[in-house]
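Take a look at the following structure, please.
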Amino acid sequence: MALEDGQSIFHKPSAISHDWVTISPMAVFGGVFSVLPTPFTSSGDIDPESLTRVIDLFLGDGVDGFTALGVTSEVARLTEAERDRVLDTVVSHVHGRVPVVAGTTAEGLRTCVAYTRRAKAAGAAAAMISPPRMPKINSDAVAKHFAEVASAIDLPIIVQDYPPISGYAMEPALVARIARDVPAARTIKLEDPPTPFKTSRILEQTNGLDVRIFGGLGGVFLLEELMAGAAGAMTGFAFPAILVQIVALFRAGRIDEAADVFYRKVPLMRFEFQEGIGMAIRKEVLRRRGAIADAGIRAPGGRLDDQTLLALDRVLDWTVLKSEV
Amino acid sequence: MALEDGQSIFHKPSAISHDWVTISPMAVFGGVFSVLPTPFTSSGDIDPESLTRVIDLFLGDGVDGFTALGVTSEVARLTEAERDRVLDTVVSHVHGRVPVVAGTTAEGLRTCVAYTRRAKAAGAAAAMISPPRMPKINSDAVAKHFAEVASAIDLPIIVQDYPPISGYAMEPALVARIARDVPAARTIKLEDPPTPFKTSRILEQTNGLDVRIFGGLGGVFLLEELMAGAAGAMTGFAFPAILVQIVALFRAGRIDEAADVFYRKVPLMRFEFQEGIGMAIRKEVLRRRGAIADAGIRAPGGRLDDQTLLALDRVLDWTVLKSEV
Amino acid sequence: MALEDGQSIFHKPSAISHDWVTISPMAVFGGVFSVLPTPFTSSGDIDPESLTRVIDLFLGDGVDGFTALGVTSEVARLTEAERDRVLDTVVSHVHGRVPVVAGTTAEGLRTCVAYTRRAKAAGAAAAMISPPRMPKINSDAVAKHFAEVASAIDLPIIVQDYPPISGYAMEPALVARIARDVPAARTIKLEDPPTPFKTSRILEQTNGLDVRIFGGLGGVFLLEELMAGAAGAMTGFAFPAILVQIVALFRAGRIDEAADVFYRKVPLMRFEFQEGIGMAIRKEVLRRRGAIADAGIRAPGGRLDDQTLLALDRVLDWTVLKSEV
Amino acid sequence: MALEDGQSIFHKPSAISHDWVTISPMAVFGGVFSVLPTPFTSSGDIDPESLTRVIDLFLGDGVDGFTALGVTSEVARLTEAERDRVLDTVVSHVHGRVPVVAGTTAEGLRTCVAYTRRAKAAGAAAAMISPPRMPKINSDAVAKHFAEVASAIDLPIIVQDYPPISGYAMEPALVARIARDVPAARTIKLEDPPTPFKTSRILEQTNGLDVRIFGGLGGVFLLEELMAGAAGAMTGFAFPAILVQIVALFRAGRIDEAADVFYRKVPLMRFEFQEGIGMAIRKEVLRRRGAIADAGIRAPGGRLDDQTLLALDRVLDWTVLKSEV
């Protein structure tokens, strides 16, 4: 078992098989996909060396895939050239060991299609797409958006249901409608709480379809999402080995053990996933794990204060030293 | 230690002194104030017997005070006659053993003043007030609202900083300005995340004033709020004994122990405090604790499904059986 | 007084029949319904004398009905006793000459039902109801809310589609679903722009049902709403004679004349209907029309400044003196 | 008088001097700046020929400047390469005849600085910048954003106060603080209603500074904004000659005439400026004016229906034929 000693969250867990991941135009996705941060140098430029170290660290943690250019990647603060550079770095460094998902959300359909084409050309296994931000958005417009991207590019789509991106909350019936109408868009990154409850509602309404739901939100409801039928987690939590272990135990039918690990680690997940400063905390943790050189996030972004750092010290110490399985 | 056995969260912890609570027009508040649910009968009427049982249970848990007519009390779904009935029931049943705070938020200043007068007349020790909901709200309007309530009634005000109520997020500088300008309004129920970080910012800007900050949000960041200088917690978490124990240990300088209890119990707090279904979960827990007869909430409100109940079983079992200090 | 001639906005237009209004449990509504302000004395109490003068003035203007306890009535700043007092004053003073609609929106179903019962008992011809404000609201919850109110009370419901009340925008398909499923709720007060466009969409989707749509929003799109099939206007515009004239001309097939009146008067409607200060402008106009004694609105509400009053003088003068048909 | 005949709104008004525009690092701006649409071909590509025809048309209308890459330019639906192409086309075609403002809003400071640098390099006279979209935004973060852009590039900044872009409403005190602290950012495009009222509040609080406020919002409150002290209008209204005429009359002290033109034309401005379909209406008008080949907007965007086109026909006809001064 991976987390058998006090230092374990800083090291690679024993290998966990993920042969079940199949990449194809209608690929099914599951397990633990880490959303990668975008590390910057102290002068604010992209730091590809740190990025590749994060990839190595997370591969060592046993992740089943990566997601680049997500919210926690600070994608909204990257230029297009930087987007390309980040995605190329990730795909080439991962080198096919696990699939790479690329965020390609854009306000316009045409830009979304262009980003998705670039993602496919760069070697991404899927595109993660949120409804577009638009005035007077509605369910027909959202459904059409996914259908049109799918008809333009032959690449699996992961529907990102995180209302802060677009300002629009998709009802379960809309997510189910998209899954029925757009076969390429049957994987969902579900981040509209209560996520376990919504997972159940979507799966009820897509009975018979191979719909896959990833939890997100820092892993804070991973156990309950799995209990409701989720296929895994796609999030930026800085210790993916923990998520990997929980998912593996759960899939092996060892639910009590999965729950025990989850409950002991969720205090850390909760702390990391704070509104407004979550990205900064994640980068600080990855700096401490030796992966990234500078924990800075791009302006305007929340900065950590001393109290937050002290509280981080405390929750990290406890998670490592006091929460053995 | 209160929670030394598997059943402990269902029983009263060893007594904790709260002599430090002083009720006066400029009272300072702190410790653990439980926001009371409003129990209903199966036909939807107010159930005062269940309400008094919750009070007894929570007094047994060692709380320092109560808050009636808060968000978790479903105050927005009560008529005015029901508001009065709830508050009268609470004040008369508590009978001075601990202070009772009454929510008196209203969209209009005049109604807010009227509610606050009724609260004082009913025997409340303070009024909890959020900025009013209004189109084109701004910081001057908010500051003026608190000043005018304070000038109309001689009763301490607890400023509720929970943006979903009013649709307006108060900046730390505005909370500090209210504290400086309105001596009656120097206690804050802070529920705008990241709450530990914001607690630090407000305390920095009110240096020298006796400002008291309560955490809320189900206790999910209680430890970090206390580390940042919070005076306690005011929330509806259904096991206030846990909060009482954490605050007591923290105040006694036994921070490591406080943290250990907190980390072991926060998985439950997190589960209970789910957006959209949190009130329903709390009532279900209180039904299981034997306090309330019917766990129903008023329509339109989230209903629990089987998966949520199974997940609740699991997290309750673990919290009781597996999380000894 | 600037407005002593150019008569039309101060006097009743040539008589317009409104025999077509039928009040019954399944009544159809249309024409011009004035949403009544709630006048206050200078000390902030309800001023029933001013209210009855507004009713007389608007009856003189030829309105087809009244709506009490709407947004422009400052209903959110009234206590329940004040709600009752206002509604009783309106119903008794109108004395059956035209139908009276009562706003009965509430966050809880039970309170909404209680308000609607009181409205019926007081003599209201219909209840105007917005979706309730609730966390994680969705289309099923909204549809159920209307169905449950309708099943509890035998009174026509006017569905108010004004997203700022509930924070939720109903799609045309949801409004149409409610109309199909709840026969009592086939009249809509449509205030989600673009309103003419949405009017067309709803009528397309309710083909064959006797759905009635009222425009609102101060009348600023009345002509285009009528062209799209609206049945009239329900708004608080302080010169309802203008709306009456436009609707009458339109119904008589004299579209060019209706449009000409509309275009000449819409500069005033636009000015009056300003976000944040619209209620204050309306009351100031009604004060100038001699109907209300004090133009004050309840705190916290926008106050008019000198520039706004000067601009009001100007647009009133122009509308009266320079825009004769 | 410019609009003396039925065709006048399709032609250039009599010449109006705008020598008063001075372009310098601390330039003051005023008068009528047209926000340019981005025309597309029927296949959705940028159509530079149509764009240059719009420029010629608007120069003929007498505008004092242009703004490219604004909201009505569908900037959110352009790639970066398209942004560059549009701006280069505009600057080179305008060729110094009037100043060109470039929208450079971005979620990250660094991207905003990069866009602003490109704008300056391309020949823009100023950058129009909205507060960035960010979680937990506050006034300090906004003030810092403008200060940092200004310290990085020596180019005038037009502060865009249009809350839908960032989800954040700047209070007058914040706009005034930015004007005091950042001399380059003393021009405001004010689009947070009620705009005349807010114009007065900002000017009160920046007494003694050369602060310039442009109205926007389609010109729908231009007269009242000018009365409150605004320096002009910056908007995408498809008949800028009308705005030019109003501003010229107002500046010449011929207020009654300015008002008369305004009131006769505002029905058209109002119609054009409809939420959700305003951009589509503007393009349709410009197609009819012979400037753009295809009125399409990029998906997902509102499409006009037949009723809207009929209503447009009507309001255009009336504005041309029936609204002589």
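By written order: A, B, C and D. Residues from 1 in each chain.
By our rule, contacts are C-beta pairs under 8 Å (C-beta built on N, C-alpha and C of every residue); 3 or more make two chains touch, one makes a residue touch a chain.
Everything numeric here is computed off the predicted structure, so don't read it as measured data.
The chains in contact with chain C as well as with chain D are A, B. Summarising the inter-chain layout, the chain whose CA centre lies farthest from the centre of chain A is C. For the pairs B-D and B-C, the count of C-beta pairs in contact is higher at B-C.
A turn of 180° superposes the CA atoms of chain A on those of chain B, with the angle given to the nearest 5.
Per-chain Cα centroids separate chain A from chain B by 33 Å. If you average the Cα atoms of chain B and of chain C, the two centres end up 39 Å apart. Per-chain Cα centroids separate chain B from chain D by 48 Å.
Each of the following residues of chain B touches two or more other chains: 136, 194, 275-276, 302. Listed in rising order, the residues of chain B touching chain D in the complex are 136, 138-140, 169, 171-173, 194. Across the complex, chain A meets chain B through its residues 193-194, 196-197, 200, 220-221, 223-224, 227-228, 259-260, 262-263, 266-267, 270-271, 274-277, 302, 305, 307-308, 310-311, 314-315, 318-319, 322-323.
By the touch criterion stated above, chain B contacts chain C in their complex at residues 44, 74, 76-81, 106-111, 114, 132-137, 141, 144-145, 148, 164, 167, 275-276, 298-302.
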